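Both complexes below contain subunit A, partnered by subunit B and then by subunit C.
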Partner chain A sequence: MVITICIGSSCHLKGSRKIVDQFNELIMVNKVEDKVSLNGSFCIGECMNGVCVKIDGALYSVLPETAEDFFHKEVMGRLQ
Partner chain B sequence: MNIKVEASYKSLNKHHEELCGDKVEILETKDSYIMILADGMGSGVKANILATLTSKILGTMFLNGATLDECVQTIVKTLPVCKERQVAYATFSILQIFHNGEGYLVEFDNPSCIFIRNNKVINLPFERRIIEGKEIKESRFQVRLNDAFILMSDGVIHAGVGKILNFGWLWENVANYAVDVIDKAPTATRLANTISQACDDLYMKNPGDDTTVAVAKILERKVVTLFTGPPLSEMDDTRVMHLLMASPGKKVVCGGTSANIVARYLKKEVRTTLEYIDIDIPPIGYIDGIDLVTEGVRTLSRTLTMLKRYEKEELDQQFFNDLDKKDGGSLVAKLLLEECTDLNLLVGKTINVAHQSPELPFDISIRMNLIEQMKDVMTKLGKKVTLTYF
Partner chain C sequence: MLREDSTIGNVKYAVLKRVAQLTYEGKLEENIDQIPYELIPGPQANFRCCIYREREIIRQRVRLTQGKSPSVNHDNKNIVQVINSACEGCPIARFSVTSNCQKCMSKKCQQACNFGAITMGSDKAHIDQKKCKECGRCAQACPYNAIADLMRPCKRSCPVDAIKMDENGIVVIDEEKCIQCGACIKDCPFGAIADRSFLVDVIHVLRTQGVDVYAMVAPAIEGKFGAKADMGALREAIKDLGFKDMYEVALGGDMVADAEAKEWAEAYKEGKKMTTSCCPAFVNMIKQHFPQVLKNMSTTVSPMAAVSRMIKTMDSNAITVFIGPCIAKKSEVIDSIGTNNADYALTFDELRAMFAAKQIDPEEYEAKELQQGSIYGKEFARSGGVTAAVVEALTEQEETINIKVRECNGAAECKKALMQLKAGKLPEDFMEGMACMGGCVNGPGTLISELEAKKDRIALLAKADKRNIKENLDEYKDVQFSMHRKSK
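What follows is the complex of A and B.
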């Protein structure tokens, strides 16, 4: 599974770096390093809401506060 | 020969003095670069006035094509006479380098210019003559790329005298030190800063005399073309890309959407990393064929901060440590400061709608403002800047 996090200006200000850190930690805690690859991308063009995150082509908006729930639902949910 | 001269200097004031008794003038005429270093007798206000008058007179007269003899006559007749010593006196050095590579050096009582070529100190051929009772040394020569010329006031060769060193930092020692550090301090600014730092250390941060190091370095013209911001009309994308790809030097793209335009045109991919070297600056990206790819406004505002620090001469080791960092903003700043003589800015005026959101902590529709400021600072730093909006 490929997760792409937008690191463009707008998403950067909304906390992409925090989400990168959170996801990295969650990937380790859940021991899914070999199943998930985390990438960065410049502006994806969906800057209006939270930080833009793309999973296998589907776009989501995530905030640092919702990152953990999002990870469990969308990432772990798909892996199971 | 298509050369460019980078000139820079650093002064240390004599202990307890607010004004420096050394003065450096850096000028550009239609066909040459001129650097003048004057050292006024004594210290403080008096020395500062003598040095300022001397360097300004020399600069203004040279700029208007006066001969050396006329300049010296004018100085002798103009400088106020010191009450205590009954003389009017300032020593000076003048270095003039013409665009065609001819060099001309004049020295009056300053320590001789250190001339470094291929990591060796070279002795310049001098002729001596007497003008208005003063013995003046003159030298004419041909410069080559990467030649470095170091002018200094006598505070440099007196550094540490009677304290750390019996006889001060002798000319030969300064010259050998300059050769040792020149690879690590490849620009005029870095070299002037490094030598001046060594003087300060020898004086144990307590300079016994005004101390000035002025360096001129012969550089090749180096062009950098920077593209940032999507053009208002998509029709202009191709035009911008032609200009960018046809430019002779390094190519820089700042901005996510801009990077996507470039990648689409070149039929390449934008690769990004998630390595945060600095938490405030988004990571850089990569596109084959482009020398540096970064995010836009955050990165450029960091770059502008660095350029402004450089322009204000707040140059200490901390500045250069920051400049050597690998975040996007510092990388762009280093490129513009140290590997660029001519800068072309290709700037799209499109404002990212998402950046207008009131939730954001500051208005990042400031790209054009950033660019205008960048242009001003780079111009002040002696770089040739062209700016085109789309």
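What follows is the complex of A and C.
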């Protein structure tokens, strides 16, 4: 599974880098390194709804405060 | 600066400059639809059939400047993108007989053709395009050089066969194959292929209060902005763009040479062959076309990543922006998020547009001298430079091994050596891979060619002192960070 995270300036300033670090840590803690990888993306064009995160073509709005819940629900949820 | 006959360069530059100006003023959104009309006021067309097509090309170029794909419904993650309104759909009949044909008696072309595609017309030979397999034997056989090879320039330039045509003859890039080297961008005579940009993003973060943005300039920069734009002048000019500070990526070159020398020495003793990992298009070539060779690729990060990690070790909230001649570096940024690598990458052309937007000329700055990279790090930008630096680092580390290195100059040479390495038949111990002919100094991200910049570059590099790699790195030994990729 590839998680695409927008690194455009708007998402960056809303904490996309922090979310990437959180995801990296969660990937390690949940031992899914072989199943999940992270990739950056140019501006997705939904700056009002940033930070933009895409999984399998579906677009989500994530914030550093919601990143952990999101990971458990959308990422681990899909893997099970 | 730009030559007046460089129409494509001027169009590209005009778009980048206008977008940079408007973004600096915070007025891009409200004026974006006006840009095509400002740049192409009409009523006469300047470089294409009509003003409407010219304006559409400008509109698509503006989208690229924002990091978007030129066409709404052709979105993909590739850095290199086709401006389909600018693509001329060049004739795809590859071999054709020119008026040089003497309709000679030997008819070597006809004999050379294994497919019966050549017949004799009333005054010259004729190629049946339905039968032609584009093998090129007729062209080689003709004693008058009368058969022209008209392979489309984009297709000819691509080292990995990623260029295809759609049913209308418009270019399509196969993103599974594309290594983002940018050769097609340089070679298309209609300027129909271009790279996505982080320009708007970078100016946005520069305009945001309380954010520390650092520039990291590639070692190819010396000479590209004139003889007077030395590192000290560039640093002050770049600070006036809104950056907090500037670092030389040549320093990262020194760090990479030092780390790779240790890796190479170890590999040599184990009898393992190894490749460099600093050129991102070369890295993409290995990942996408020679995955079997990945285990032979050095695990040392790129000089860009090294300097970015150093800056973020000193200032954990820093935003780092690479500025270089390279387009593939943008893919390195996208592919390496979460590793403290650069947050954005710009090209020299984009930097030039930012200078123009803010009416800054780096040659006008009287600044104190600055040197952060040794001459070895600075020469990473030239084909053979990485090898020379690693060999120097080995000597400084008192390794006495006598290694043989294949210096692959350009993507075609890289491909050949990688095929040998994959087959276990590479005669040398190591290979240096540079996707651009001549090295980064010939990269596609700058309209100033190596030939135009060479004299100024030689003059600027002559001013560098003779410090060696170790002496240079001792200055930074207090800043601790990993020089290697994550193991996976």
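In this text, the second predicted complex is superposed on the first by the 80 of 80 C-alpha atoms of A that agree within 3 Å, B and C clash if a C-alpha of one lies under 4 Å from a C-alpha of the other, contacts with A are read in each partner's own complex, and residues count from 1 in each chain.
Here, a contact is a pair of C-beta atoms (placed from the backbone, for glycine too) under 8 Å apart; a residue touches a chain by one contact, two chains touch by 3 or more.
Here the structure is a predicted model, which means the values were calculated and not measured.
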| item | value |
| --- | --- |
| First (subunit B), second (subunit C), both or neither touched by A:V20 | both |
| Partner chain in contact with A:E33 - subunit B first, subunit C second, else both or neither | second |
| First, second, both or neither for A:C43, with subunit B first and subunit C second | both |
| Contact residues of subunit A, present in both the subunit B and the subunit C interface | 5, 7-10, 12-13, 17, 20, 38-43, 45 |
| In the complex, subunit C residues that touch subunit A | 66-68, 77, 196, 198, 200-202, 204-205, 208, 211, 319, 333-338, 343-344, 488 |
| Complex contact set, residues of subunit A against subunit B | 5-10, 12-14, 16-17, 20, 38-43, 45, 47-48 |
| Subunit A partner contacts - residues on subunit B that touch it in the complex | 255-257, 259-260, 270, 272-274, 276, 279, 282-283, 285, 295-298, 352-355, 357, 359-361, 364 |
| Subunit A residues within the subunit C interface of the complex | 4-5, 7-10, 12-13, 17, 20-21, 23-24, 33, 38-43, 45 |
